[in-house]
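Before any comments, here is the structure.
Should a chain be cited, it is by its letter among A, B and C, assigned in written order, with residues numbered from 1 in that chain.
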Amino acid sequence: MVNPSQDAPAQAKNKKVLIENLEIKYGDTVALTDVNLDIEANEIYGIIGPANSGKTSFLNCINRMDDMRPNMSTTGRVWFNGIDVTNWRNLYSLRRQIGVVFPLPVGLPLTVYNNVALAPQLSGINKKADLDEIVERCLRRAALWDEVKDRLDSLGSLLSGGQQQRLTIARALSQEPDLLMLDEFSIAVDPVTTMRIEDVLKELKKEMTIILVTNLVQQAQRLADRTAFFLNGRMVEMGKTEDLFAGKVQHQETLDYIEGRFG
Amino acid sequence: MFQETQQNIKHKKTERLFRILFLMMVLLLITPVLMILGTLIVKGGPAISLEFLFTNPTNGMTEGGLFPALLGTIWLVVVALLASVPLGIAAALYLSEYAPDNWLTRAINLAIVNLAGVPSIVHALFGVGAFVIFFDFGTSILAASLTLAVMTLPVVIVATRESLQAVPQAFREACWNMGATRWQTIRRVVLPNAISGILTGIILEVSRTAGETAPIMFTGAAFYLPFLPESVFDQTMALALHLFVVATQVPNVPPSMPYGVALVLISIVLLFNAMSITFRMYLRGQKKW
Amino acid sequence: MTGRAVNNTIQTDDSPDLDWYIDRIVQVLMFIGGISAIVLIIGIFIFVTREGISFIFNDLDFAEFFASPRWRPTSEWRATYGILALIVGTASITGLAMMIAIPFSLGSAIFISEFATGKYKEYLKVLVELLAAIPSVVWGFIGLTIMNPLIIQIFNVPVGLNVLNAGLILGLMAAPIITSIAEDALKAVPDGFREAAEAMGATKWQVIYKVVLPAAKNGLLGAVLLGVGRGFGETMAVLMASGHAINLPENIFDSVRALTATIAAELGETAVGSVHYQSLFTIGIFLFLITFMINLTADLVVRGVKKG
């Protein structure tokens, strides 16, 4: 048991996520440095920026996936619910609280049903009725139920790209996450599906905190309460989404990116 | 323009020439072997009968069948698999799922190459020194099978590792992100999708194990035994050694007899090998992602 | 069960659970499996050496061992342990086998990889794989019963079990192995290389000769080395087809005896712990070290190509 109050800064206790002086390296190459930010509970926090600006590495630090990558090292502090995750002993229990959706859809080569039932099973839910209920609820919320309810036994990895992406979201929801992290989820999805998922996210916000890494500036504008701008391995600035898009920025680069002058 | 066309014709000619040259090399390599196999079938075929397969040798091994040798080979293969399959799969899982890219992993890979490359007779000496004498299993099925297991371990490791690595990394990442442990990921997602490939490797190992002679000569296989083995601590006859014995050690054997033994042995080996290949091709046709 | 409440309880327990411990235990088990290959290869060296060590320190005369062709371990009045004739036997058989196998295997590999297409290619590969599976004792039997009379008939020699016979058999055995490894090496050359050369107007043969072969050079060398190692260590086929006579051969029609075959033929007749028994294990150490070096070299050569 980690004592939440132990050497946690006062503001960490009130935030869902608090990042202090985060630096990420792959070998000797710095991928991201000098990140300081906080994420409130039940907000959608947008992260925008061009490719290779360190956005995905940032997400990996929050659920401690850096532990699975021998080449990756991090310094600085990441507080989640007031607890420093860099000292978290059982990383699996940490990751079970955080749902992740990837840029490219990953339907596991299991049945559609088992794709969604896997996470509950891993955390010890084994009753068929409970699982049935979770599978249906999560697939419905991910706007996929109607399309797959008659073929829950087919392989999840053989669904279409858009369906697989919604399956990935259903799988993340099946963890009943406290924090949901989406990494450029719309890259491999058609615009209609993207809009449907965006509606789902607006609903989900009532129950969980969402970090939305996106390559689409307008997507951040539509969804995010606050937005951070990452560029070349640095966090340039963060602020209220409406302020940023109203041009109230501290750095010219931010405005240039938002207005599409580079990307 | 005209000149270029002429050059093209010349190129076409040389190309055809090389094509034919290399095809000849393939044929020269394959034809004698097929002729030899044909001879085995022609000369050994008449000796094969149910009686030949299921009776004991009689009259100083000049008559009768090869049943004890057939049964002994099954014993040896099964016990060898029991030892090598779990160990080989564990080794492959380590290399594919856990091993960092460091000197130890390189050493393991080098050791596997060497395990496959050490002469079979040296494996036999190891079997004598380690299993027969040091661990005191005596000359027994156990000692012979363990020797075979060590020798064919690389077959399981290599086949298993290949089929594990064919499972895309994205699946593992997805599971880890959900909070699955490495082992849960392996058990729920990686292994179920690699199991057929592993099975292919095991069938291939059966084929290899059944045909080996040198490693079992001094560790557990006997020239002739009047009884069938009852436990792993008994000696046994074996098909491969039986062929050596009837071909070189027993006087006055009717010529069709060793041909019959050779045909049975090679049929078993090639049958399992072909099964493995067919299975592999069938799997390649299956699309799972 | 309803959706998770808005003000859910935050899980702050980070203590290891059962799955965490299982994961750790499995990881240790897998590691043991992983290092088993190293343990076994060291074990082979130790246990073979353990049986032969006393001979090396007490009875071994290095000059005699390597320079004398007289292998007379059972001689009543003076046992001698010279393996020169056995080394020459092994070398002559392996040498002849490689002279046959290397050109044909490389040619076959080029044909399968560069010329054959579609189903045709698949069939050839399967055939090569099946040929590689024929057990060595069957090859020995073929040498004994089919090649022996053929050689006597064709070349009009008194004995058909000789360097030629064993070399041919070993060549046929090693060829499919070299072919399939060499084919892998050729396959590993990226198609982009071939396409680039073809775009420049090179003919198929020019592409192979100027682009593919140089790019696959190390892999092909590795294939040849593994073939040599395989031939060197082959036991049953050589035992049965070589004539098994201690002899420094003058031509390919002389019978010879190989290192491996000597162990296979004599170990069963020696008493455990006797000098003769130990001397056979000493030959085993010698074989182990030679093949270890061949495999190590092959590995380094192939690794070189991957880096480059």
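Note that in this section a residue touches a chain if its C-beta (ideal position, glycine included) is under 8 Å from a C-beta of that chain, and two chains touch if they have at least 3 such contacts.
None of these values were measured; they are calculated from a predicted model.
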**Asked** Which chain's centre, taken as the mean of its Cα atoms, is farthest from the centre of subunit C?
**Response** A
**Asked** Using CA atom means as chain centres, which chain is nearest the centre of all the protein shown?
**Response** B
**Item:** For subunit B paired with subunit C, centre-to-centre distance based on mean C-alpha positions, whole Å
**Value:** 14
**Asked** What whole-Å value do you get for the distance between subunit A and subunit B if each is reduced to the mean of its CA atoms?
**Response** 48
**Message:** Centroid of subunit A to centroid of subunit C, CA atoms only: how many Å?
**Reply:** 52
**Message:** Which positions in subunit B are in touch with at least two other chains?
**Reply:** 181, 184
**Message:** If a residue has to touch 2 or more other chains to count, which residues of subunit A qualify?
**Reply:** 92-94, 97, 122
**Complete:** Note: subunit C residues in touch with at least two other chains are 19-20, 23
**Request:** Give every residue of subunit C touching subunit A within the complex, in rising order.
**Result:** 1, 3-6, 8, 10-17, 19-20, 23
**Message:** Under the stated contact criterion, what part of subunit A meets subunit B in this complex?
**Reply:** 63, 65, 68, 70, 92-100, 102, 104, 106-110, 118-119, 122-123, 155, 157-158, 168, 171-172, 175
**Prompt:** Once bound in the complex, which stretches of subunit A touch subunit C?
**Reply:** 1-2, 4, 42, 81-83, 88-90, 92-94, 97, 122, 130, 133-134, 137, 176, 178, 206-208
**Request:** Can you check the complex and tell me which residues of subunit C touch subunit B?
**Result:** 19-20, 22-23, 26-27, 29-38, 40-41, 43-44, 47-48, 50-51, 103-105, 107-108, 110-112, 115, 122, 124, 126-131, 133-138, 140-142, 144-146, 172, 175-176, 179, 203-205, 208, 226, 229-230, 232-236, 240, 260, 263-264, 267-268, 272, 280-281, 284, 287-288, 291-292, 294-296, 298-299
**Item:** Contacting residues of subunit B [partner subunit C, same complex]
**Value:** 11, 14-15, 18-19, 21-23, 25-26, 28-30, 32-33, 36, 39-40, 86-91, 93-95, 97-99, 104, 107-108, 110-115, 117-126, 128-130, 133-134, 150, 153-154, 157, 181-184, 186, 207-208, 210-214, 217-218, 240-241, 243-244, 247-248, 255, 258-259, 262, 265-266, 269-270, 273-274, 277, 281
